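By letter and in written order, the chains are A, B and C; residue numbering begins at 1 in each of them.
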Amino acid sequence: MKTKITIYLLAIGILISGCSTKSQKENTLNISGAFALYPLTVKWAEEYQKLHPEIRINISAGGAGKGMADVLSGTVDMGMFSREIEPEEIEKGIWWAGLCIDAVIPTISADNPYLDEILQKGITRDQFRMIFVTGSIADWGFLTNEANKGIIEVYTRADACGAAGTWASYLDCRQEDLKGIGIYGDPGLAEAVSKNPNAIAYNNTAYVYDINTGQKRPGIEVVPIDINENGTIDPEENFYGSFHSLLAAVSEEVYPYPPARELYFITKGLPVKKSLLDFIRWTLTDGQKYVSDAGYVPEPGEKIVKYLNKTY
Amino acid sequence: MNRRKIIEQNIFRTLCGIASYSLIFMLGFIILIIFYKGVGSLSLEMVTKPPSGGYYFGGDGGILNAIIGSLYIAIGATLIAIIFGMPAALYINVHLVKRKKLQNAIRYFLDALWGIPSIVYGAFGFTLMLAMGLGASLLAGIITVALLITPIMIRTFDEVLSAIPMGLHEASLALGSTNTQTAFRVMLKQGFSGFITAVLLAFGRGIGDAASVLFTAGYTDLIPRNLDEPAATLPLAIFFQLSSPIPEVQERAYAAATILTIIILIISLTARTFSRKFTRTSIK
Amino acid sequence: MLKTGTVWKQLSSGWMVSSLTVILSIPFLIGVALLIKSTPLFSSQSLWQLIGTSEWAPSEGRFGFLPFIFSSFYVTILSFLFAAPVCLLSAIYLTQFASPRLSTIMHPVIDILAGIPSVIYGVWGILIIVPFISQVAAPLFGTTSPGYSILAGGIVLAVMCIPYMLNMLIETFRTVPVGLREAALSLGATGWESVKHVVIRKSISGIISSFGLGLAKAFGETLAVMMVVGNMVRLDANPFQAGYPLPALIANNYGEMLSIPRYDSALMFAAFLLLVIILIINLVFRYFIYKAQKV
């Protein structure tokens, strides 16, 4: 009988000690959200925790939508978000700060039989819309005004993600309006495209370009966007050769916006935790020096000031 | 007449053989692929260190966070499963032995529970978590996984217990013990190997399942210090590494999968040796 | 001595009963909780509209679950058709005809396979099965296929369920007393005949159970299927085209849940549908077992 009582008491004791103390909670930051921001946030967390060892930062990636869902439901302190914030979400009280900029780019296989025409002419926004949304362009022959040259196989993202939302907003629609085979996750999509000569899709820049070499990964090619819609890719529209030139085009806003996009930290209402506010301010200031090496475009100065002001 | 029988026999025997060998071939093929791709990136560092900040860019570190997180969740969930499941299984087989209809009804429900997909438990766990005001945490993960594995444990244990000859049960009662005493002192001992198998099976499931922890346990690169903190799990670690743009990190996902597979292998081998050891001493 | 005995007895049998009740009430709790969370859906569409229509436009508030239910059944039945005969034949071979050494090798192999995380099966599916379908299988049948298809889902699921079904079938066949089989042999039956008439007959309920297990598992599997099935909302009988089973719907769109009104209710309703269908499958299989045992 005595042993039973001691076991029960021990169990209760373990349970109680298992919960955190108030100060531990204050110094713990739980973040979740977009895959696009995940590697950068992890790097930031490492550097920040070196400066402030008493802070613990837990980061998980589950897609931009999951970040939003977790923030709205109070499951995490802050979310990483990779598309524009919708009005309904703002109505629910979302607070945000932009951290850096990257881009979603249209992709095809390097083995596409019409690669040369595509690289020379590019595809306009309207044509993209007809490929991805309405389906009225379904054959690669549209490039040369011929018919039956090969079916265009459209791929999109199955999971609720920022990349799809951003690409869709470029085409004036929503993710669910993008009609194509749904692949889970960005690497899966890049893989599917590189293996199928007839495929077309879209990816985050990080999954197309290798950050170390600055070149496109083998098997995948970028579709130049015919921004001025004149039917060819002019020299000033041709910046897809290296990661560096593409990011420069994004930074100078030559590349359209969307599908270039700002990456955000989101919270429900102005953050209350001091440690969270400190972290956000740090990423907007000292943290910006890690952004380029990670393959993103740093926030322009005026925007940083604007966001810093929001934290007060 | 005889020739026809022999022909039929040979046909089927060959069919069975073909089925088995192609099965073995295919299954072995899958295992080989994983090990082949994973062994290259396997290192002591992977098992002993948590990831560093640049891990998903190809930096150093390992998946210790996920290994420990998974172990915490699996152990916690298994304990809960034992506390609730063991007495339940014993009760069905001892106290309810006269009421066959009730037994069948309960067994039906347990089967139903076993069949519920882990994602439903995940969705339910998420709802529960929100209602309890819990964030994505170790505790939420443990509860959800416990919900998932308790039916497995009960059912496996129940199968073993129901195979125990009634004679033993009746003998115990005849000697004057109560139902409860019979349950714990006789049936449990007799079915102990089955109990261990059940526990190990449940544990193995708890470690490897992804859908249930997807919404509930969160993820982190740190090792959780208490129940409120999110915990990394091996299946999700594999998944996130696979989602990285860098090929070296993707290779590491295979190494993580290899680690998980080895853990499961150890568990199942232990379960099998146990059941063989104890069957020798039990009454047939 | 007697007093502590009774108190302990009350405590522990109380503990046993309450454990049992708690556990048994879980499916009800889950069902009720999911149903409650789905109720906002019913304000705009009736139950029949939800289950029976196929229009899926969440941002316009129209949720037709039929394509998902159809895909789930299609993929599951396909996987069953692939897995069941193979498992049955292999289990027979391993328990009746093969050398014991082969069985001892098989056991760890099966256990490892049962333990491999579903993500890995998904990756294997993408690496091997999807190209196989688009380059080999589809041309063979005269159609084209992107590879990511219901067929891919069916094959991957079949491979995932085989370890479980095989394990259970082997255990079932093992419990048939050797004496029975020997008796059949001594009466002049051939090896195969003794299997056909004795072993299988005796294990019918075990066989049905393992099939039910395989089906339920296939129906609810999430991650691996999601990676190869193509995730397109369609109602198409062509297995070479993509589909979108229920678990994939929940896992994929978990993120959009709170951004689009009533999407979270839709996903909870999908989970509820999953639950109900699995319970019904279980009921059906229990009935078969009951009938088989009567024979």
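The definition used in the following text is that a contact is a pair of C-beta atoms (placed from the backbone, for glycine too) under 8 Å apart; a residue touches a chain by one contact, two chains touch by 3 or more.
Every value quoted in this text rests on a predicted model; they were computed, and no experiment measured them.
Interchain contacts join each chain to each other chain, per the touch definition above. Contact count check for A-B and A-C (C-beta pairs in contact): higher for A-B. Distance between chain centres (mean CA atoms), chain B to chain C: 16 Å. Once the centre of each chain is set as its mean CA position, chain A and chain C turn out to be 34 Å apart. Contact of a single residue of chain B with at least two other chains is seen at positions 214, 242. Contacts with at least two other chains are made by residues 62, 73 of chain A.
Counting partners per residue, chain C has 8, 251, 254 as the residues that reach two or more other chains. For chain C in complex with chain A, the residues that touch the partner chain are 4, 8, 56-59, 126, 131, 134, 144, 146, 148, 226-227, 230-232, 242, 244, 248, 251-261. Against chain C, in their complex, chain A makes its touches with residues 1, 62-69, 72-73, 86, 88-89, 92, 151, 153, 158-161, 174-176, 179-184, 188, 191-192, 195-196.
Of all residues in chain B, those touching chain A in their complex are 51-57, 129-130, 133, 135-136, 139, 214, 218-222, 225-230, 232, 236, 240, 242-246, 250. Listing the residues of chain A that touch chain B in their complex gives 15, 17-20, 24-25, 28, 30, 32, 35, 38-39, 42-47, 56-62, 70, 73-76, 185-187, 190, 204, 206-207, 210-211, 217, 294. Residues 5, 8-9, 12-13, 15-17, 19-20, 22-24, 26-27, 29-30, 33-34, 37, 85-86, 89-90, 92-94, 97-98, 102, 106-121, 123-124, 127, 159, 162-163, 166, 175, 190-193, 195-196, 212-213, 216-217, 219-223, 247, 250-251, 254, 267-268, 271, 274-275, 278-279, 281-283, 286 of chain C are the ones touching chain B in the complex.
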